[in-house]
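Please read the structure below before turning to the comments.
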Amino acid sequence: MTDPSRAAGPQTAGHPADPLAPSAITRMLRHVRLIRAGKVPWVAGGMLLLLVFCALFADLIMPWDPTALNLGKALKPPIWQDGSVSGHLLGTDNLGRDILSRIIQGAQVTLEVGLYAIVLSGGIGALMGMLSAYFGGVVDAVIMRLVDIQMSIPSIALALVLAAALSPGMSTVIVVIVLSYWTWYARIVRGEVLSLRERDFVKLARVAGCSTPVILWRHILPNVVNTLLVLASLQLGSVIIFEATLSFLGLGVQSPQMSWGLMLNDARPYMTRAWWPITLPGIAIMIVCLAANVFGDWMRDTLDPKRRQL
Amino acid sequence: MKKFACAVAGAASLLLCAGTQAAEPATGSLTIAQAAESTMLDVTRAAAGVDWYILGNINEQLLQPDPTLEVKNWLAEKWELTEVDGLPVIEIWLRKGVKFHHGGELTSSDMAFAHKRLANPDVSKWPHYQAKVDHIEIIDDHHFKIIFKEPDGTFIPGAGLMRLYGISEAYYTSHSEEEIQQRPDGTGPWKLVDRKVKEEFVLEAHDDYWNQEHRPGVKNLTIKIIPEDITRVAALQTGAVDWIDAVPPAMIEDVKKMDGIATTARPSGNNLFMSLPQYLDKLPGRNDNPFKDVRVRRAAALAVDMEGIIEHVLFGQAQRYTTTTPGSAAYDASVEPYPYDPQKAKQLMTEAGYANGFDVNCYNLITPREPNVKEYGEAFYAYLGQVGIRCKLIGEEYAPWLARNNRSREPQNDGILTHMWGHGVVADPGTPWSGHMHCYAPGEGWGSYSHYCDPEMDAMVKEQATVMDPADRIPLLKRIGKKKYEDVAGGITTYVPLVTFAWREDKVDYKPWPWMGFWRKLQEIGIKH
Amino acid sequence: MNADPQAKAGQPVLKVDDLRTHIFLKRGTVQAVDGVSFHVNAGETLGLVGESGSGKSMTSLSILRLTPKPGARTVSGRIEIDGINVLDLDEETMVRDIRGKLVSMISQDPMTSLNPVFSIGDQVGAAFRYHDLVQGRSAIREAVVNVLRRVRIPSPERRLDDFPHQYSGGMRQRVVSAMAIACSPKLMIADEPTSNLDVTIQVQIIRLLREIQKETGVGLIFITHDMGVAANICDRVAVMYAGRIVEIGDVETIFANPSHPYTQGLLDSIPHLGRRRERLYSIPGNPPDMQNPPSGCRFAARCPHVMDKCRSEYPPETTVAPGHMAACWLVGKSG
Amino acid sequence: MLNYLIKRILQGVISIIGASAIIFAISRLDDPTLLLLPIDATPEMVENLRQRLGLDLPIVQQYLIFLGNALQGDFGNSYRWEQPALQLILDRLPATLELAFAGLVFALALAIPFGVLSAVYRDSWFDNFAKLFAMLGQAMPNFWVGLLLILFVSVNLGWLPAFGREGFDSLIMPAIALGWYPVAAMTRMLRSTMLDVLDSDHVRMARAIGVPNRVVVWKYALRNAAVPLVTMLGIYFANMLSGAFVVEVIFAWPGMGRMVVEAMFARDFPLLQVGVLFSAILFVVVNLLVDLSYGVLDPRIRHD
């Protein structure tokens, strides 16, 4: 029989994973699809650009003055329906104001709230995340407790209490959004920085005598920006819906300022008589949110593939 | 003060209890839906207007208006206003045989107890309405006198209509505040049997209710709370409910077209007006005071096409008023509302020296209490803009609006303000006028939210507060009303919203009754046989 | 190319004839299994040996028709198990009559081949439950206890409801074996069952497989990259390289007279306690790109005896001795 | 397992107390008394009411009194209803829980089949349809979905009742409006975990011993893939709670959410506080339950 000693060869120590092993193949297949999915979502990007364009050049492209009342032309249907009034592509609301112009004007509030909210909550969240991860110990415990407390209050409830205290308006909406979302950034940035902190280049910087703010600013932040971008793009969609919900409840933007959520709230009393004032602004919200989410997913897949379930 | 025997009222009351034979008790059940929910069910602690919706069915007063808005003796069989050594005294003979829901009969001591409770600031939100009563002298179980410290013009025809409710001293003293709030007691046509907050009230007809002439025609009544307009109308359409309150203005056309549905409209009890601030020059950073000049005030009144707003914005669910609402003591049909005349308005503006207009803040009230108030405000302020009164529109929700309104609060109001205060149906404008037409006199309780000031008007408003006898009071109120309108005093009176009720014609027999400024008293609702 | 000689008297349980399984990727097709033929008799153990990437795992999956969808697919060839060509069968029949019943598999890594969130009893029971050989919960439980005892799991009735993470690596491989033999299949494929175990456990598993084979007379395909292990358990060995069988024969012949340079390379890289050697020998270079395999012999690039002929033309499968075949020009010439 | 539990409960308690402090502080920024008195209230009456409600004390003292009473279950009386605020909320809690639960069930009823089937038939037309349908849900505000449902389903078609809480069919539309939002995230997560599990050795092993495909997918693979989904249930439930505030207002659902919204408009701070605090407590408790449920689903955690 063969030499029993042969069986004791070390070759059995872990051998390189068989590239043609079944699970490796399918992982290769799926990876391939990810790259193919990597094509830039032009449609979504286009929609977001349209939103920015409407917001910036609202005054130029609006066919009518959004606040101009004309009781004679109240509740006229969109152009493709009989009984419509020329010039009002998407019809008029109960005070005879042009719905298309108001939607364009509404884009301004949507974009403004979106940008403020993302920049502020991102900034504050990232800062808190970095501080708690970098310093650890008591700082970390305090900030994390604050995050827990913050997360245990449902965002709408927080909005209600705040709107009761400060009078409703754009600033209240932004404060509420920032208070609700900063924890999101803080937690994820903390995770990133915890791993970054152990990396050599950070240790070297500390040894080289860099002050903490310099380390945080020049060494740690650039590595976190990538994640922040992904988080911001994912947050845009939900911020738009959140602002619309607050305005709908009457806590958000107050007339004469225009917001899509407010338009929906105004359209409620007569929604059985006129379907378009209650439907069209909602479609505007849906399109922009869909675009934001698709864009967000694309950003996440390309910039940060391993963080797939973010 | 001549002795005034209320002959007319007395005779009418005899008619009321003519039908003495006990009609057989009502049977069957109905389900209705209301948009707003009463919160406080103890009549002595009620605060918000919406509380009167349910209380109007449970409690009653000495005098009450009937559907034709004529004040009838109710719990009081007969009453006399006399004067004893210079002080007014109201002598009242209680109706006999008025039973409480939880047993026991209404007596003078109950009324005295009601007064004590209503005057106690820890209980009642309106202690100042009882302030001028010195004490109540009980003569026998069904006969007592109200002795006044000083004349109180608004006590009799006021919002309270002899501001006392028939409550049982025995019940109130033997139950805790929570129990009373859960199971209130009274002499009214309905008894509260059950209640699920935010869902429904369950009422039962009060079998031995004293007024057999006007009483419910159904045994059980469930009042569902459906705040969402669309769902409330859908509930009526699908037959889930038999009667609904507050048909949304935008859907009235559709509801009227539904077969088997009857509707009727009544004033909602809130009087809307636009108050024009006349102390702008006293505010920091402002030197002109345009609304001090009556021509600017008239220009503002002429600048707005109220008829157009009522038709388009309020879907016809409103009626204009000048001094007070029809049925109120000082109603004067002869005073015509301001027409829509922008040319004359511009001319008046130029005469007053404001040819190219001026800028002013315009606070637009946002409230669910009356439909489309926000849209009305936006339309109103847009019209002002066309005659040069350029509005900076600022939306304001009810709570901050209240604070801006109140003159004792800083920062002072610095702009035109949508204003809403119910003179109430059949109500006497005495209280509201002393609150918003008398100059603001901190500490004296006058003009607590007045943005208008005119010494001559002050004198007239003070005088009406002391005139109790309706015969003298009514002509005085009419004189005040005429001057108010010509001088656009206390703001531009715009409209009184109408509220529309709708019910299944084949099943429900319904006649609206007024109470405490609202038409939600379900005195006569029943099943059609 | 049916040059597979009859080696043993036992009835052939499996006959694979010119099997080709390719993987279709966006950037091209990988010919993982490129014309493989062999047979396995009842009671015999055939070793499938080769470096990683030689296609041995893909061959075993093709037999069970479990090639990973949608990429890989068997394009041609015959696979006869007990006389039935599985490539003709529809999926339902494969599930009901073939997989687990006629042929079963023991996979490589015991840590991942058991479902972490289900109990051992449930997973082993599955083999019985879905071939309705045994009806009713208690009967299944009884059958599971017996088969676990057969694979030498201590006091199985008490450990039935435990979970995989409560078993050691060796124990888990025994459970997997139990699942494989539950419905007493005719053919069993063991895909590197011992690679992830330490040496002492390895020997136990090999001894277990041999006992099972002796008891049930099952045909066994033993896939490994380690000639030492193959020598221990296999009756015959097929050496695979770049998707093809380059040498096949009974184990004594292969070890005594390796005829294909690749087989010689594999044997040379086994370190011998006795032999004095400074560095361990390992075959230079690495396996070819299977997307466009080189013309001629695929081992040419790494073969110490390479000739021009090898690069231009693929050598025929020449019979070195009865039951011993090698596909190499050297064999042909020296006779 | 036990000390992990105690640590989590402690964390939960700290979170709730912290939340109550924040809510209490914010709600004391504005003075509600004007709203509770008739329009012609004199300053003296305002002052009297402030005293009665204890609003004139320094804020820290007010909070300590509040906390003291709260520990004995007295959360103060609602200004408007003049009833214990706690009782008002507790009566409404079951309705909100029922709605949030129904929303979650609806979300799972969509997400599980979508997630599994889009993994099994990946890149098929179904995969894309499921992704689009789920993303639509994430792009539409739940109140808008509710309004359109009422408009089309109950007003025009008259199939479902549009209000109140009478039995099952009044629960369908609110659950749809509430539950559609998280479907996208759930589907995406379940699809990616299913893809991993379907590749795993133990699934191949199960197939190799002849387990039918539907059992492999819906029993053996799904339970593995569900574990990460369960970990997110806590957050999705909070999502439901937030959404419930709005959906209840539209469907006249007698839940805690609607009462808190109305309490806000009426500046009824005690009621507002208890409502918001209770939603925080609910959130912490649910998260705790979800943590415990790991063990049930994933035995590896139960034993260590």
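Going by the order they are written in, the chains are A, B, C and D; count residues from 1 in each one.
The definition used in the following text is that contacts are C-beta pairs under 8 Å (C-beta built on N, C-alpha and C of every residue); 3 or more make two chains touch, one makes a residue touch a chain.
Everything numeric here is computed off the predicted structure, so don't read it as measured data.
Asks: When all chain pairs are ranked by how many C-beta pairs they have in contact, which pair ranks first?
Replies: Counting C-beta pairs in contact for each chain pair, the top pair is A-D.
Asks: State which chain is most central when centres are taken as means of Cα atoms.
Replies: D
Asks: Which integer distance in Å separates the CA centroid of chain C from that of chain D?
Replies: Distance between chain centres: 53 Å.
Asks: So what's the Cα centroid distance for chain B and chain C, whole Å?
Replies: About 93 Å, centre to centre.
Asks: Whole-Å distance, chain A centre to chain B centre, using C-alpha means?
Replies: 49
Asks: Between chain A and chain D, what's the gap in Å when you average each chain's C-alpha atoms?
Replies: Chain centres of chain A and chain D, defined by C-alpha means, are spaced 21 Å apart.
Asks: Touching at least two other chains at once: which residues of chain A meet that condition?
Replies: 22-23, 26, 164, 250, 268, 271-272
Asks: Among the residues of chain D, which are close enough to touch at least two other chains?
Replies: Counting only residues that touch two or more other chains, chain D contributes 30, 151, 155, 199-201, 204, 249, 265, 267.
Asks: Check each residue of chain B and list the ones that touch at least two other chains.
Replies: 230, 397, 399
Asks: What residues on chain B touch chain D, complex-wise?
Replies: Touch list, chain B to chain D: 39-40, 45, 47-48, 121-122, 125-128, 177-178, 181, 196-199, 224-228, 230-232, 234-235, 237-238, 240, 368, 397-399, 402-403, 405-406, 408-409, 421, 431-432, 435, 442, 445, 448-449.
Asks: So in the complex, which bits of chain D are touching chain B?
Replies: Within the complex, chain D contacts chain B at residues 30, 32, 34-43, 45-46, 48, 52, 80-83, 88, 91-92, 150-151, 154-155, 158, 161-165, 249-252, 254, 258-259, 265, 267.
Asks: Where on chain D is chain A touching in the complex?
Replies: Touching chain A from chain D are residues 11-12, 14-16, 18-19, 22-23, 26-30, 123, 135-136, 138-144, 147-148, 151, 155, 184, 188-189, 192, 195, 199-201, 204, 228, 238, 241-243, 245-246, 249, 257, 260-261, 263-265, 267, 269, 272-273, 275-276, 279-280, 283-284.
Asks: Once bound in the complex, which stretches of chain A touch chain B?
Replies: Within the complex, chain A contacts chain B at residues 67, 69, 71-72, 74, 94-96, 164, 167-168, 250, 254-256, 266, 268-273.
Asks: In their complex, what parts of chain D are in touch with chain C?
Replies: 199-213, 215, 220, 223-224, 227, 297-300, 303
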